[in-house]
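Heads up, the next two complexes both have chain A, just with different partners, chain B and then chain C.
Right, the complex of A and B next:
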């Protein structure tokens, strides 16, 4: 998304050794450079001692280049890959706990079905719904649920990788 | 999962004000307390200035209680919710870039179909596959792809919330 000040979101994938404190080193560095992290997701890779972070930050192109260079100064950082937003596969998952009773339940199930979302838990007072997709799809879905009583929203943040036809592969 | 030393994974949801540096404050605190973060995912909530983190750390029950108390000392931390692993809705998304050509492609598409995974990008040399589920499902899927050439794996880390029947709601 574009923000008001002309800055755009940048996505960077960072491969790190999973040593204690590496996550806080990476987030501190990005923050110290004056960037706010829009979202971050970090999980294990196939190499057990390696983690892959997907970080979304807002900034101009030059500053992002600077961040990439700085990240390499952290010993545990193995690789920094800029993700091209026009040529990426990007996905996010969102869990939403929402109140629904009586007629409301039926209406909500219709919205859920249209968005190909899934009900992962049903209580007497409502649902937990899971939706997967790009951030825009999740935003639209949340907007439609807005009139209902949303109790909790948990988003993973984007995971992204460059498509096969992307030269940065 | 249980680890060798008898420690188990604990999942904590942390609601924070999205002020600069809050992410690094949270990760630093957890790390300083001697815990390694197994996975972290952070995304926006419906309140624009709020973020929700799902953090998985390994430790004994008492230390996790300590972490929860300590987290409240960070000004931007609004709420800390322990997630009960037996009564939670937990999901993770994983993107896998994998080489596949010729006969291999067909074989791989069968595995993808069985796991209800999705092909989100096709190149002349392979696929990018998206799979959603709990961590065990994703681990099994990755194990099946192991004989093939996996180029990149990006996991979001778990997002989780307590089910409706959970007293911690």
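Right, the complex of A and C next:
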């Protein structure tokens, strides 16, 4: 995931109190300090008022450390965990609405089965397909569907955890 | 005592202990009292009319200062906070009242000044409808506050105020905004103000790590040319006594940032003044030649370091700061210590530290004698001369407030401050218009001290309406306007970098500042003759009442030395 300008994707998990405006506080801080957010996903945790955000940003190593420190300065931020990209479990869900009719349908179902994706809706003109996996897998799957007519794509952005035997733990 | 009497006393005790039911506006007033607030800078309006009503009925013990503009009020609260150490409290109405405080809040945020700003908001049901005088205050203030809150339930009001004061005044201080809709002010709840508060996600660290402190001692003992860089955190953290003790004990030379003015070792030979873009030659020489910089409560701003690549390249850097995000932000640090200046210096003062630095000290003293801070007297008044004479005639514990620009830097260079919390200046944001209201806020909080303001002709006019509160609250301030008929600092850059094209810096048609002061019933004197400076400044210092001096100074006098922005400290300009 290296880009041309020498910046790398970084993933941080941020545990926050679910107070009003907390999401915009986090995103505006990241943006204000000069980072682009590639993806962000948010969801509740086991603790009542806590949410977990997984944020993918581009930046160099030094400034990513700075972002972590700045995030801690938001009063509602409880914990910031850097995710080690080489030692993580990361998953993303993608829904794809794609045209498929006649012979195409059969061919597409084969690709879907190879990728262990699911058809979640069937219409007369096509499918809605759901695929879960790391971002690379979803990228390749989309590339394969590209020759067919993709109508719409919805990706959740990555959710990730460090693996058990990870030095960050 | 009869059983009935005992029962009656019991009933009285119980009812005294029961929480009283009151409306939100009253809860605000009572909460402020519980926080020990004695002064509120406030400007009324539709969305806070209820709070003002409760202040009228129950605000005994609270001094209300009504500025002439909410920006002035916010700067005044900031000046009050910096000079007293107590948080500055501001109450303003929604919409324009709130947006007028923005520059004041941003100023306080950049210089870590504790403010609690209560803004009225339109009623909950109208939020998001573009109602009259509605603005998204929590949205607007998000990047310029330490925290902000929109109160949506009257039951949360007291705890939110408690949180706001706690967050504003602990750790690295800063402004906190509470936005309170009109209906919340009217709704009723039990008033129950928490004695203490603990936030899971906010636990400022006070003491430095013992291992890091041990390493500091080792680095100090290895060093031949150590240097202390004292910053604003020493003032804000009430650590000046510990800092001076550390300097006295170790004999290490000291320099300071703009916000660090007030550091005062017993031995003046240890003191090398102000550093950075307009620092003294000897101060910046010390930075360039030191082998160990002990930076306390500084944030290594671009105005201090110039070029980050060459800054202190001969030195190891120990960075002591309460905010972990400052460590390593602008400059790589060899030894970080996260903790309060007070606690870390106290710990260092308890250690035995053996130093042999007499060569280094005599090297610096010799350099200081060789390259002192100078200016050339001329036919026109030199602003530096006014500042030096003010230093001579005003008492040592005078609180000095400056505006922004040349006046600010000349004062930083030539007016030695020997007490903590006695120099008020917008360092980080560089807010013109700060000086007068900050001086007035300091006068409110320090009625027994002399308050001296310096401003340029440009900045003074940005908040000159606040002259209106001098008489109203019987405030004593001494004001000096250094009038060069230019926006001098930018003019100086134009002289240096833009071939003297003085675009947008001309201040022709300035008002007659003497007449201006007189319409507010303040005595004022015009000063043009260099021969008369001493007599006028003496008069100003000895005056029992507020007074303004309008000094026409040399229009093209420059602030020197100067290191152009982004350049290494060695590329200093001493002559234009």
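Keep this in mind: the second predicted complex is superposed on the first by the 169 of 169 C-alpha atoms of A that agree within 3 Å, B and C clash if a C-alpha of one lies under 4 Å from a C-alpha of the other, contacts with A are read in each partner's own complex, and residues count from 1 in each chain.
What we mean here is this: a contact is a pair of C-beta atoms (placed from the backbone, for glycine too) under 8 Å apart; a residue touches a chain by one contact, two chains touch by 3 or more.
Note that the structure is a prediction, hence the values are computed from the model and not measured.
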Which partner reaches more residues of chain A (counting touched residues only), chain B or chain C: B
Partner chain(s) touched by A:66 [first = chain B, second = chain C, both, neither]: second
Which of chain B and chain C A:17 touches, first, second, both or neither: second
Touched partner set for A:152, first chain B, second chain C, both or neither: first
Chain B versus chain C as contact partner of A:28, first or second or both or neither: both
First (chain B), second (chain C), both or neither touched by A:144: neither
Which of chain B and chain C A:109 touches, first, second, both or neither: neither
Partner chain(s) touched by A:76 [first = chain B, second = chain C, both, neither]: second
Contact residues of chain A, present in both the chain B and the chain C interface: 20-21, 24, 28
Touching residues (chain side chain A, partner chain C) in the complex: 17, 20-21, 24-25, 28-29, 32, 62, 65-66, 69-70, 72-73, 75-78
Interfacial residue positions of chain B with respect to chain A in the complex: 13, 18, 20-21, 23-24, 27-28, 30-31, 34, 36-46, 52, 54, 89, 91-95, 97, 120-126, 128, 130, 132, 142, 146, 150-157, 159-161, 163-165, 169
Contacting residues of chain C [partner chain A, same complex]: 138-139, 142-143, 146-147, 150, 152, 167, 199-202, 323-325, 328-329
